[in-house]
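Multiple structures are listed underneath, in structure tokens.
Consider the two complexes below, in which subunit A is the common component and subunit B and subunit C are the respective partners.
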Partner chain A sequence: MADTRILTPGRSEWFSTLAVWSAAALVTGFFLWVLWDIVSHGFSQISWSFLTTESEKAGRAGGIGPVLVSTLLVVLVCLAVSLPIGLATAVLLSEYTPEDSLFGRLVRRSLDVLSGVPSIVFGLFGNALFCKALGMGFSILSGGLTLACMVLPLLIRATEEGFRSVPLDYRTSAAALGMSRSSTLFHLLLPAATPGLVVGLVLSIGRAIAETAVLIFTSGYVSRWPESLMDSGRTLSIHIYDLSMNVSGGNANAYATSLVLVVLLLVINMTSSWMAERWLHRRIVLL
Partner chain B sequence: MSVSPTSVCPPSLDREICCAPNTYIETQNLRLDYKSKTAFQDVSLSVGKGCITALVGPSGCGKTSFLTCLNRLTDLIPNATVTGVIKVDGQDILGRNVDVLQLRRRVGMIFQKPNPFPLSIWRNMELPLREHGVNDKAQLKSEIEAALKSVGLWDEVKDRLNGPALALSGGQQQRLCIARALTLTPDVLLMDEPCSALDPLSSGIVEDLIISLRNRYTVIIVTHNLAQARRIADSVAIFWVQDGSGRLIESGPTKQIFETPTDPLTASYISGSRG
Partner chain C sequence: MSRSRNDAILIWTLRVFTAIAGAIVLLIVGFLIVESIPVLKSVGLSRFFTDPSWHPARNISNSDETYGLAPMITGTLISMALSVLVATPLGVLSAVFCHYYAPPTIARYYRRLIEVLAGIPSVVYGFWGLMVLVPAIGRIHPPGPSLLAAVIILIIMIIPTIALMADSSLANVPPAYLRGAVALGLSRWGTIRHVVFPAAKSGLFTGVILETGRAIGETMAVLMVAGNMVQTPKSIFDPIRTLTANVALEMAYAMGDHRSALFVSGLVLLAMIVALVSAAEWIGKGRIYG
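Presenting the complex of A and B:
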């Protein structure tokens, strides 16, 4: 009999199942490995005083209190600027600009290019504009503003997608009920688009809080307690970078700081989706 | 012929006759162009006050497009241009200085697919009312209750007003949409195949509801169901595709259209041999 062996459906099914599962296992495995590495090396250093005191001996000893505060301030400045601008731009793009209009395409293309620009370029741009030209110097304000420039493209596109994913039916039926565009926007589209908005927000905060290149050139790396937004302030990721690259014997605290950063990211991620869910359930009642 | 002078159409076979004298909506040479296609042209139609007028005809002949002109939903469609005249209660509604939001309040619309908002039942009813300036809690409550009662939905939903509107059945959703439109006390209701997405039972309920709207509202209903048109409509307008765009080929009292149509196309459509 001729050799006409055919891969049975059962066997090919088995292969693809294996492939899919091992790909997923690989990704999860890497994440767990990194997490385990950080936790195992960093957990023993974590204490209340580590979180609240100033660093000593260039970070080899002492805590990360001022660094935490600076990080939160930088992120707050970033969000305070990028949220309103991002939301307004997303509304303009999705609700007031036809998808194929020249203006819309131009803005969207610019945003896509901007979101691909390496962060170091944003860092140098922020240094030239905010620190030098606008005279803000190395400060938390400059850092936050530069970060805002960096996360805006991401935030706008995610929010715009959120608005676009709201079915056209809602807009038509609201219009047929004589509802104005603005109240349709506030009462209907905004609640319905919130999941997209939250995704954009979480991604933005994640990028902002983990950013180093942008902040080295704008908010600087002074690790004292910041007294105002005009002070230079060192963020968590810069602290990690500095400890692991420039300070011999800083590894232990670098691990501990990484652990704080990872936990912070997880907490932000979970609380924002929890809040969105709660808020959403009050406003939007799906099945 | 014994037609009462109070212009209330008696539910008799003669009812269509009492509708005719009081024209409420009138179009003259109405034409709608999309970017590269003419949806319909040359439509001149009078719609009697308090009557149910059915628009029938094969798919793609411009019936739904015609409806969307009457409450200027066409404004939302990029590159749609409406030419001609539409008068509602004697007022030209295509002018630049027409308050479109007020127009849509007076000319409500029900869509083919029930489209409640993804909100609670209460919020669905409340939102348009608040939009039009009703903010008093007690007034909101009484108007919402009245509207839900008028569509026979109150008893079915009164215990779950804060539940999701999308959890209702298709027929209930459609009645909710009708109630939502009725809270704004419109003069006119445009209905775009309101029963076609519903099962026969719900369809029957909604149909009875539409019949109950006669005399109180001027109803224009698009339907593919000729039997339904014959059952509920006072007058019928037949649309047809000619030379690539929709046209109105005949209109008149239901009885006349179904029994003695003048246009041969109407005759063949009615008899089921065309369309």
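Presenting the complex of A and C:
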């Protein structure tokens, strides 16, 4: 990195230097503005009872207990489905598929497109498939399944990265020892690639928690305590949307909920980049 | 490699799961088409682009439904174009700042900040826009919810996308190029303009494609600040409605042909994204997901 700072400013470049510094200052300024607004309005509302009690008067009063539980359940469903599919796909693509195979290229292409699909289109799709065609209705299950489709490309990408960081020697040594492919995978590659998988999981959780448009017509709006996965349940982001757009006088609680959501995401974000730096950029010594 | 029975089972299990992952896109396209067929049969595709207005539910005067998506497509394209136009230089300069201007410590914190910005959910940006930006614009030029508000929110949201992409493509510029430039006596900005940018061109293009995709697909934040009136905006202070916001707003109560028409707008959105991804492939970078 220090290597790239060998460039020295020329004599008459004050304008470009100014432009670069002010672009950075502008971005930082906007960020601090947004964050300060959320923190200064939301902080005083947060209390233990806000986090654990049910909301009252359509969210104007009371807390976000059931909303937190629904969010957790939606994320759990999402991970329970996307983890096995994502892991299997990453293993197959990175370990058992030649770069130029037709099947591999088709799957990669389709994942490229999938990652660009707008979230609202996932919402339409989830509504048509899970809510209507499979008869799950507005439920935590439908929401989680739709989210699983959305986070797959991200999860697969990060997991593939994990497998790529495993040295080639491991595979050739295993083959030389006569290990079967499945035992090579389970005893050697999988443990060594776990960091990538975990980073992918954390990133996926972040993406899933932040999502709103996918969930409005799949998991729905109900803000009671969810009793089963077939109940409708609103997540944190839908709660913010509903309070600010449809409930007059809900702004105070919307600020508090935003603060909870942002703090949650900051924690997730920092965990994932800390893990990525610590694990993925370092050679794995022990198995 | 030994070929045990277990290996065969393993490979086939992996293949089945991978096929599921690969088939999701096909499922999405399939379901959008199936749900669109009723209205396409009764109305036809062309009226979605030629009808003057959007009244898909029969209104009180009992006149015919109209299905014009044109105002929404215009809304999406204008807000996308304006936000990409502003966000691209800001994002690229951000990355340049990180690599060639900022002291290492500041660069590290700044990069972390951009990553955090990328993770803030759209509904929080939208809420901030609703509480701070819209009233501020309303004081300058009523009504407040407007194309301008949508564009500003989009800019803030897509800057991290282009900045992170530009950052990684600048990191891939061979250090030898820079040393060569220094040896030739090129100044800092001269090197960046004439050596770094050309070398990082394809990565920067991919970044632009990605941010454009985000700008087209963004739903909640835009919905919360854009005013959502179905009209072609005459000025930057006019309210607009985008394709995505249209779906999010009406899906809750849409029935029959109306519901079906919303799936058609989903198809239009998907077509825009596929066109973008193809453009990206054509420009030359392979995988862009993640």
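Going forward, the second predicted complex is superposed on the first by the 231 of 287 C-alpha atoms of A that agree within 3 Å, B and C clash if a C-alpha of one lies under 4 Å from a C-alpha of the other, contacts with A are read in each partner's own complex, and residues count from 1 in each chain.
In this text, contacts are C-beta pairs under 8 Å (C-beta built on N, C-alpha and C of every residue); 3 or more make two chains touch, one makes a residue touch a chain.
Fair warning: this is a prediction, and the values are worked out from it, not measured in the lab.
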item	value
Touching partner for A:Ala175 - first (subunit B), second (subunit C), both, neither	both
Which of subunit B and subunit C A:Leu188 touches, first, second, both or neither	first
Contacts of A:Ile38 with subunit B and subunit C, given as first, second, both or neither	second
Residue contacts with subunit A in the superposition, subunit B compared against subunit C	C
Which of subunit B and subunit C A:Thr53 touches, first, second, both or neither	neither
Intersection of subunit A interface sets (partners subunit B, subunit C)	175, 178-180
Subunit A partner contacts - residues on subunit C that touch it in the complex	1-2, 4, 6-7, 9-11, 13-15, 17-28, 31-32, 34-35, 89-90, 93-94, 96-97, 99-102, 104, 107, 110, 112-117, 119-128, 130-132, 156, 159, 163, 175, 178-179, 181-182, 187-192, 213, 216-220, 224, 244, 247-248, 251-252, 262-263, 266, 269-270, 273-274, 276-277, 287-290
Footprint of subunit C on subunit A - complex, ascending	1-11, 13, 16-17, 19-21, 23-24, 26-28, 30-31, 33-34, 37-38, 41, 84-86, 88-89, 91-93, 96, 103, 106-108, 110-125, 127-129, 133, 149, 152-154, 156-158, 175, 178-182, 185, 206, 209-213, 216-217, 237-238, 240-241, 244-245, 251, 254-255, 258, 261-262, 265-266, 268-269, 273
In the complex, subunit A residues that touch subunit B	98, 169-180, 183, 187-188, 192, 283-287
Residue ranges of subunit B in contact with subunit A within the complex	71, 73, 76, 78, 101-105, 108-109, 111, 113, 115, 117-120, 123, 127-128, 131-132, 162-167, 177, 180-181, 184
